[in-house]
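Look at the two complexes coming up: subunit A is in both, with subunit B in one and subunit C in the other.
Up next, the complex of A and B:
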């Protein structure tokens, strides 16, 4: 696993022993940050580019779902996972409908499956970031096209004048089309399951 | 598919001391002590409304299972069955509390399955323990392994150093 990129993951639980246990489980695979409260988690999110945040649901001052509401607003790109040891159906429904959770995980989890879920979540983060980058590039390309068209309207090229860099522009367009074709499906932010 | 050794993830609940132990028992009945709480770790359920008692015990005991799973994973082991064994019903509580908590785990968790038992004579008996089923079911072979391993674990309860201590933090 050493050649794999270590994605930064934030673990939130008010029980330090659970965090300790998770660190033992995940430290070889991920760059880990831990917080014992939702407030501390939000501070860490301000300071570090977290790709995945995984929080316990049952915490004294801010529940996992309440935390994820705030994360969704302030850091929408972070992939959100809540875990719980008991069936609070209202929280599950709220999480799925309003917080855009990637997963709702139940304790105890299978450690191998948890590691796999976290890798999938990190991959989802990469997909979302790549998708946003692609959208930004397309927007920029369209702007360039509009400027180019405007320029041609204002000053049509005459014979013998310097040719516009249409070749490069066309090449950029082809590359963007390729990337668009590769992005076969837009990323979704809501997926629930154990 | 897994190449990890299957074990019974076994939680012992000492109701009078309001504490728990978690261990592995392999299919031959060999016992591996893992973690233990301080006395009083389960005390936050005492004196609160029934639903809060159930909620607390679900949460606390699922955390116990989680840590047990994690410790087993580090030893290349994996639970094939979760077993709760209490030395009696939860004290200072309605008689319904124990079956309610037991049924919750049996219904909530199916992989691996859960069984909740009580050992009326406690854990440290030299003879095969008398186990009463509160909720869930246990395969005959797994029951045999449990009956072999349980007295071994019982004998280790008075060896605190055999277990990794989990300090109690708060009452959430």
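Up next, the complex of A and C:
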């Protein structure tokens, strides 16, 4: 219905029925990718921009927490969620601090709650990306300012072009200041959820 | 101690009787073997003093008969005899006699021989009691082993069931939403029915027939209920899995100091509705208890399960008794009802998971299993007394100064 761009989400579980079931639940609201192993998940992350990755904890070869370790290194911007049966909760809770999990979700999950959590995660992704962009812009602006100051010192201004450049530059600066003022507290990726 | 004297000579009988009475034995007389056997079958005599030669049934035959019986405790038999041939004595011992007393008897000898018999019987009794205790301990051990392995089984099951329950629950949510979409589309199509009837009356008629054949109206009306009922059933499965996990203690909780009296009171408040429904009278006798370091949520759960059981077992207007006390460094909590009680054959299985006497669907049989697991993990014990038709008492003992496994003291 809505034309709003759907967030790409990667689901990882070694049980195909779980993946199929989640696809049914989430296909309307998200752009979905699925992987039946950690290795496959990492391949998909190479090929597509993924905003949120949600993985089962208990899988052969690579556990969810292990996968998230690798994701944190290779794709730190992706929001990481682990879902798990009760028996593994201890491992997952411990991993929250080390791997910077956004949330963990227990199996069986509540369908409505899951959709809500994924939306929140996608929003968190947006916030982080916006924050990164702002930081990049500020960084770039400061660099330009340094260059400008350097230029002024090396070569005193001639009457022609400088005022025009400066005017544009200062308005760019006030825009940045405005964006900085609007930015809420910096989003973190280490929230434990709930 | 009761002694049976079997002797056909009345003089001899009287002599024996008066001697034994002097030494505080309780004496019953029989004039021959047949009479003695009759008496013996009716009541128990730990010690029998019998003449050998008697009309009808002699002492040897009486001895054989007594030995042939399956008796709960040992009977010490002394043969009174004039015989002293080695062959005769061997025959008597073969028949099962324990000792002899030569006739005519010497009172002192009688005294020491009977005393010896008494000693043997007392030893026998002590041994039997120790044996019984041992068997009880062994039974308890087997029971707790059994429960432990059931716990492991439960944990494994809980884990295996989790995944399918997870996606079936999810699928149901998806189905619910998608079927609703299909119904929406269907209703939109229906609005085109009139237009269709004009363009293609035959197709329109076919569609109407198809709808009727499949009872589409019923389907549309009952779909929501179908989903609701399936969700409710799945919820129950989830609950059972949750309870199994609790029995197998897959969840840990924080340690804290708990006032058990307050915990009982608040649990009673939670159950006030059930108490009122049956108009039960709750009598509480709370002793002075120090705070007990435990996992409060778990202990609350134990109280809740025990109280709920007691309420359910009670007749309307019945009395429910709650008592607490300190006993040997343990906090004691007693929940007593005067309800239906528990049948003896059910008692050994009371703490087994899934053991229930309630109708299918009324209780999964996990309540007491969970209580058992929790109390055990706290280093305590849970015991019960029950009599069919007279009620049950459950007793929980929790160590006051214990350090429950892992965690810090509050």
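Assorted remarks:
Just so we're on the same page, the second predicted complex is superposed on the first by the 178 of 194 C-alpha atoms of A that agree within 3 Å, B and C clash if a C-alpha of one lies under 4 Å from a C-alpha of the other, contacts with A are read in each partner's own complex, and residues count from 1 in each chain.
As a convention for this text, contacts are C-beta pairs under 8 Å (C-beta built on N, C-alpha and C of every residue); 3 or more make two chains touch, one makes a residue touch a chain.
Since the structure is predicted, the reported quantities are computational estimates derived from the model, not experimental observations.
In the model built by aligning both structures on subunit A, subunit B clashes with subunit C. Of the two partner chains placed by superposition, A:179 touches none, neither subunit B nor subunit C.
Look at A:85: by the touch rule set out above, it reaches both subunit B and subunit C. By the document's definition of touching, neither partner reaches A:131: not subunit B, not subunit C.
When the two complexes are superposed, the chain touching more residues of subunit A, out of subunit B and subunit C, is B.
In the superposition on chain A, A:59 makes contact with subunit B only, not with subunit C.
Look at A:22: by the touch rule set out above, it reaches both subunit B and subunit C. Working note: subunit C versus subunit B after chain A overlay, options 170-178, 296-304 or 314-322, clashing stretch identified as 170-178.
Overlap of the subunit B and subunit C interfaces on subunit A: residues 15, 17-18, 21-22, 24-25, 85-87, 107-109, 111-112.
Subunit A contributes residues 14-18, 21-22, 24-25, 58-60, 85-87, 106-112 to its touches with subunit B in the complex. Residues 2, 55, 58-59, 61-63, 65-71, 73-74, 78, 82, 104, 108-109, 166-167, 169-170, 172 of subunit B are the ones touching subunit A in the complex.
By the touch criterion given at the top, residues 155, 158-159, 162-167, 169-171, 173-174, 178, 238, 245, 250-251 of subunit C touch subunit A in their complex.
Interface of subunit A with subunit C (complex): residues 15, 17-18, 20-22, 24-25, 85-87, 107-109, 111-112, 114.
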